[in-house]
Amino acid sequence: MGTRGPLFRWDEVDESFSDRARLQAMLDFEGALARAEAAAGVIPPSAARVISGRCSAELFDAGAIADAAARAGNLAIPLVRELSALVARDDPEAARFVHYGATSQDAIDTGLVLQLRPALQRIDEELERLGDVLADMAGTHRSTVVAGRTWLQQAVPTSFGLKVAGWLDAVDRHRQRLVEQLAQPTIPWHTHRDRLAEVATALGLCTGTLGKIARDISLHLQTEVAEVSEPAGEGRGGSSTMPHKRNPVGAATVLAAATRVSGLVGTMLSAMVQEQERGLGGWQAEWEVLPELVGLAGGAVRHLTQMVAGLDVDVEKMRANLEVTHGLVFAEAVQLALRQKGGAGDAHGLVERSCERARAEGRHLREVLAADPEVGKRLPAAELASLFDPQLYLRAAAELIDRVLAARAGRGATPRAGRG
Amino acid sequence: MGTRGPLFRWDEVDESFSDRARLQAMLDFEGALARAEAAAGVIPPSAARVISGRCSAELFDAGAIADAAARAGNLAIPLVRELSALVARDDPEAARFVHYGATSQDAIDTGLVLQLRPALQRIDEELERLGDVLADMAGTHRSTVVAGRTWLQQAVPTSFGLKVAGWLDAVDRHRQRLVEQLAQPTIPWHTHRDRLAEVATALGLCTGTLGKIARDISLHLQTEVAEVSEPAGEGRGGSSTMPHKRNPVGAATVLAAATRVSGLVGTMLSAMVQEQERGLGGWQAEWEVLPELVGLAGGAVRHLTQMVAGLDVDVEKMRANLEVTHGLVFAEAVQLALRQKGGAGDAHGLVERSCERARAEGRHLREVLAADPEVGKRLPAAELASLFDPQLYLRAAAELIDRVLAARAGRGATPRAGRG
Amino acid sequence: MGTRGPLFRWDEVDESFSDRARLQAMLDFEGALARAEAAAGVIPPSAARVISGRCSAELFDAGAIADAAARAGNLAIPLVRELSALVARDDPEAARFVHYGATSQDAIDTGLVLQLRPALQRIDEELERLGDVLADMAGTHRSTVVAGRTWLQQAVPTSFGLKVAGWLDAVDRHRQRLVEQLAQPTIPWHTHRDRLAEVATALGLCTGTLGKIARDISLHLQTEVAEVSEPAGEGRGGSSTMPHKRNPVGAATVLAAATRVSGLVGTMLSAMVQEQERGLGGWQAEWEVLPELVGLAGGAVRHLTQMVAGLDVDVEKMRANLEVTHGLVFAEAVQLALRQKGGAGDAHGLVERSCERARAEGRHLREVLAADPEVGKRLPAAELASLFDPQLYLRAAAELIDRVLAARAGRGATPRAGRG
Amino acid sequence: MGTRGPLFRWDEVDESFSDRARLQAMLDFEGALARAEAAAGVIPPSAARVISGRCSAELFDAGAIADAAARAGNLAIPLVRELSALVARDDPEAARFVHYGATSQDAIDTGLVLQLRPALQRIDEELERLGDVLADMAGTHRSTVVAGRTWLQQAVPTSFGLKVAGWLDAVDRHRQRLVEQLAQPTIPWHTHRDRLAEVATALGLCTGTLGKIARDISLHLQTEVAEVSEPAGEGRGGSSTMPHKRNPVGAATVLAAATRVSGLVGTMLSAMVQEQERGLGGWQAEWEVLPELVGLAGGAVRHLTQMVAGLDVDVEKMRANLEVTHGLVFAEAVQLALRQKGGAGDAHGLVERSCERARAEGRHLREVLAADPEVGKRLPAAELASLFDPQLYLRAAAELIDRVLAARAGRGATPRAGRG
């Protein structure tokens, strides 16, 4: 059942890091090694054929290999022993050439890379799906007004579509980072782990952005804000005791992943300081940490996609929330207009005092300003009133959203040059 | 000005980690060493007197010592050289006995402990002030009803005083953890850093709680929630462009500290793996990290105290927010009552369906339930109505608050047994 | 087989965090809750009896519960549902009182504490065994001379027994830290995680010390140092390709654990910033991290004990290595003696120049010094020669070792006052 | 003097993060904003000219601004206030257009990017110098035989030049990573911090490799290994008490940096979860952490370059150390040869037993094998003897070294495509 991981369950989507996949990846290395050595005349072609033919995870007892690995210190030693025995059963001569000239770390590291490639590919596919959902939402809500919030306070109106476009833009950057990983090395790299650690950082960065999106959504979902909502799902997000609760399980899962990745990425960086030709402790530290990072990043993007795809956006509530401050969110617009107009005094201070008065007296900022002769001198009533229009804040939004959508369309599936 | 630290400024409150204090602490070690060696007959008493008399930071050029330290690898080497020169000026014989038989790390580590003691004491005093403010608030708001929120959703009513008592209880635990640190070692400990790393964990744990409190307050402060507010301060929390903004600067500062401590504590733990009789890299990693932790924890408690002491609690808004859900926050109470009554069916499911209906139809849960014959069979109308009373949720609160206040009063200034 | 954890396998020693144990701990909570509520008159005694009787993990399908948990967001929701169904089969009335008035987190947190207690107890037992082995070794090697090494360079002679006593002293401190954990709370603590995070720090601190010991041993084990050795084990520490290798698998395992704990402890600290009455993400982040910390600390102590218990100490090689520097490791002794004698000039500089000459000319430091008239004036030949005796460095060692052994004997199994 | 940073002192090399530079970068933003707004017709050109003319850090009191920043919550607010006052002194009209339409974060973030660019450029220059030194060393020691060491044990002979080429190859990868950072954004990115966090990861990855190199060197420097040495420097690496000590200060500094970066990178990842349109705590957490990362990475590469440039490589000692095992380091070669020959039995086991015997009897492996009839049957004496030649292990080394050097030459100063 997993004390481990009741939440993430990335392994349901991607089996690249299952026990079987791990063995198979190492066996793929052993088979390819034998064939390459035969091609180079180092071992007999017939031996390579027999070895290759036995490199199938189904033929091995994973449990027994794991038990032996605990004593041997790594999985390759018992696996090579078992493979040799298997080959020897049919062809004792061929058995002499199993794992010929290779070390345990060759098998384990190459196996790991063979597991990482499809895993990163799967995460990329999930990110693409997330991007699709976000692109739709950004387009739909191009002109939806919502309170822009800074320091958890309402600041000025903005476009909800632009906010979503910001999420999308970041998600697309992470796809690029992931696609650049795992270039071919030119020399042995047993204790130079920067490429693997960079995979970890790419996964960590990606999960950080997913966490940011999840936190944003969870704030919109708050009872008192209620600008988006999740439909009640069957068995999803209920409470064991409060019948009315709809818990944002997806957001919690993504945020938990984001909380965890930073420490794990830090571990991969710490583990880079590996001694001499094989590390003592650093290498072994990676073994569980990198698969965990894959599972957390993959699980997070999957949960977030599911959550975002199901969101109901309440356009009316967004507009209504803008009224909560009685016009204070338009203070910046008034201030900028006053500065344009010039005249005596400090526009910022003048508006600030009006805001204080509006707050203290429970009046709308527009009224307070309209009654102020200082303001009247510079801003005619109609002009003042026109500043209290959230649409003014959307002027640049459409263009910015289009830039993001166009970049996305233009990029297509082409990986960037340079790293490949 | 400090690219470093525009926010925390703990050094204004506590100078234990100033440059001067650092030199003085190491000089205190050198003076005490000389006196102890004289008392033990290892060096002449006259030499000890002269050495002791020169162990005053004012007599040294801190900048020159720092420059030399960068080449020497630590501060003790140039400091000992300068101290020897200073002593030799008056008494060349005595100069032979400066730092006699000691190593650099003896001076640096002992100096560090001498700096940490008053620093932890100062943090404890700040925590005590914070506790005083919280104790007042917990007592005052013993019966103030507020929405208990889980997963950022309104759950059930609770007592705001109880919430504050929870903060207070945690703050008091951290005081105990801090007071237990820095016991006397029985043997040399140059590469056994667990006591120093434990100081780091105690500071990290404390800052984690401060971050939790700051996050809670910042959520209460949100424009749409507005259950507490910060008075506008002179020059505090304004925006450079939005005249109406009151930014919760204190909360941001505390949360920034909480974000930073976890990595720093992790560094102190990583640095524990120090080689043989003197570490290569681990020891040096501590030098800036532990002072940073002191500054972050100290700065955080100071900012939080200042913020909490200035909060206005809006009891009416707390009550009003409980109405936002049209009675859904009482769903649990109804469910428990129905389970007590028994009868056919699943109480949880029954109430859940009523909640869905209330939400969908925009009606109050009480009405929906009152109209449901299944409910009526088991709960008479008056009894049903009585369940929609937030006071029911306060029954245990007063007792729990009292427990916390009593524990606080009982504890007084007495450190716990065991560690001292 | 575990892509996860081929190395640590703490679960073989302690099942506190197995899937079954996790379910059982939550069921223990549910049973105890029912009995307590019956005793308090909240639910019928008969219901409590039936509920209690069904709280046995064997009666549940762990896999199905885990699957449902992934959707529900936690394990308690499906577990309570299944428990209710199980109870209802015999006694539908009793089923109404399953999990009565509790929330998911009550069951999960209490269950976690019930798992942690025996787990910490088991780790303590392992630490005790490690301490026993170290105490023996410290006593045996009380007078064994070994090079004290600082910055990875030979510094001065020391006692190997004293080095081991330093390890032992630190191990015993961690036992005390662990025994102090998990005191009874006085009020609900759902979002105050300092106690759990403190457990994490105690485990992290402990693993840091274990890593320090493992690194020390691995340095002693180096081919060129060879002061200790591991007997070749059956299937332990071999290489897949180099027949002569004895890899220190135990040390690598412990160092891998030490590399990993710092990030995980950092995560527990980050996760402390939990919102309001239930955290969104922070709580969920703990679920896998704390069990991992238990497994890493437990696995590390187990592997280290096994390694240390099997070490062969080569007393002769320790003494021989002290000769490698041709007397340079006695430079400090000469310098101190010269300072005692007084006379013209700078003793440190004088000996430093002699060391340079000894190095450059490949001669023994004793010879170089004996030929120096400056030295001869102050130190007669016999006195000079007597300084090149490593036994001089052991004078304080025996007493310090005895202090550690006595503290250990005195402490016995008694937990310290204060925290319990 | 800096309690802070007696070791790293990157600020001596690069002033990008000095207090003055920080103010100037923000002022550069304000000046450029004014000019751009004038060009776009938003503010009067004359105002832009006056504003631009005052954007010089020398005109401001950095200390006063820092003091005010502590209350205001960031540096931009007091800086804008002071700039406005300065402009107003000459031209009150122009003062209305200072910081027009911008927010604090615009100034602070843009300023940060303007500081990062030259800082990364400087680090790149230092990495280039390090690469030059390593390239020389790799070429010089192309055929220098040294023990390859795995798990801190001698494994098989290798080329010291190849080892250095591995360091060089990694260093060059980090240069590429750094040159790819800080692409132009297409839309506002106030709470999307992935680009800044990626800079942090690039610095962290780089420092990880530097730490690996420093650890390798420190192991070669050990008293008992002594394959490289550092010349005694004036005031560098001495001990306060041991006249013979040469402490590898550079290595300690680099390792301290490597120990610290992982936690700081983790903090930058944690801080990515920033709320809505402006983060509360996450943004502020970055302020000191990113400059610290720059200083640690920069300081580490500088110290490492200085250390590596001064190393004496003792080719004879490298060869002599290969003799320490009495031929065991050639066990793999014998085993591979026996596998090629075929015949009865298990070559690995056969050689393993010979190794055991050689160890137990203190004999050379060659002798033990020569006396074994099983071996004699398959390997004629001359052929056996020829396997004990370290040159056999250098066959691929020259080609691999050339690959690294050629890649370096080919790359030149051209940044990779894709990211720019």
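In this document, chain identifiers A, B, C and D correspond to the written order of the chains, with residue numbering beginning at 1 in each.
Simple rule for what comes next: a residue touches a chain if its C-beta (ideal position, glycine included) is under 8 Å from a C-beta of that chain, and two chains touch if they have at least 3 such contacts.
Only a predicted model underlies this, so the values are computations on that prediction, with no experimental measurement involved.
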{"item": "Between C-D and A-C, the pair joined by more C-beta contacts", "value": "A-C"}
{"item": "Label of the chain whose CA centroid is most distant from the centroid of subunit B", "value": "D"}
{"item": "Centroid distance [mean C-alpha coordinates] between subunit C and subunit B, Å", "value": "26"}
{"item": "Intercentroid distance (Cα basis), subunit D paired with subunit C, Å", "value": "30"}
{"item": "Subunit B, residues touching no fewer than two other chains", "value": "101, 103, 149-152, 155, 211, 218-219, 238-239, 241-242, 247-248, 252, 255, 258-259, 262-263, 265-267, 270, 280"}
{"item": "Subunit A residues within the subunit C interface of the complex", "value": "1-7, 9, 17-19, 22-23, 62-63, 65-66, 68-77, 80, 99, 101-104, 107, 211, 214, 218, 233, 235-242, 247-249, 251-256, 258-260, 262-267, 270-271, 280-285, 287-289, 291"}
{"item": "In the complex, subunit C residues that touch subunit D", "value": "147, 149-156, 218-219, 221-225, 232, 238-239, 241-248, 252, 262-263, 266, 270, 321, 324-325, 328-329, 331-332, 334-335, 348-349, 351-352, 354-356, 365"}
{"item": "Residue numbers on subunit C that touch subunit B, as the complex places them", "value": "93, 96-97, 100-101, 103, 148-152, 155, 158, 162-163, 165-166, 169-170, 173-174, 177, 180, 186-189, 191-195, 197-198, 201, 204-205, 207-209, 211-212, 215-216, 219, 255, 258-259, 261-263, 265-267, 269-270, 272-278, 280, 336, 339-340, 342, 347, 400, 403-404, 407, 416-419"}
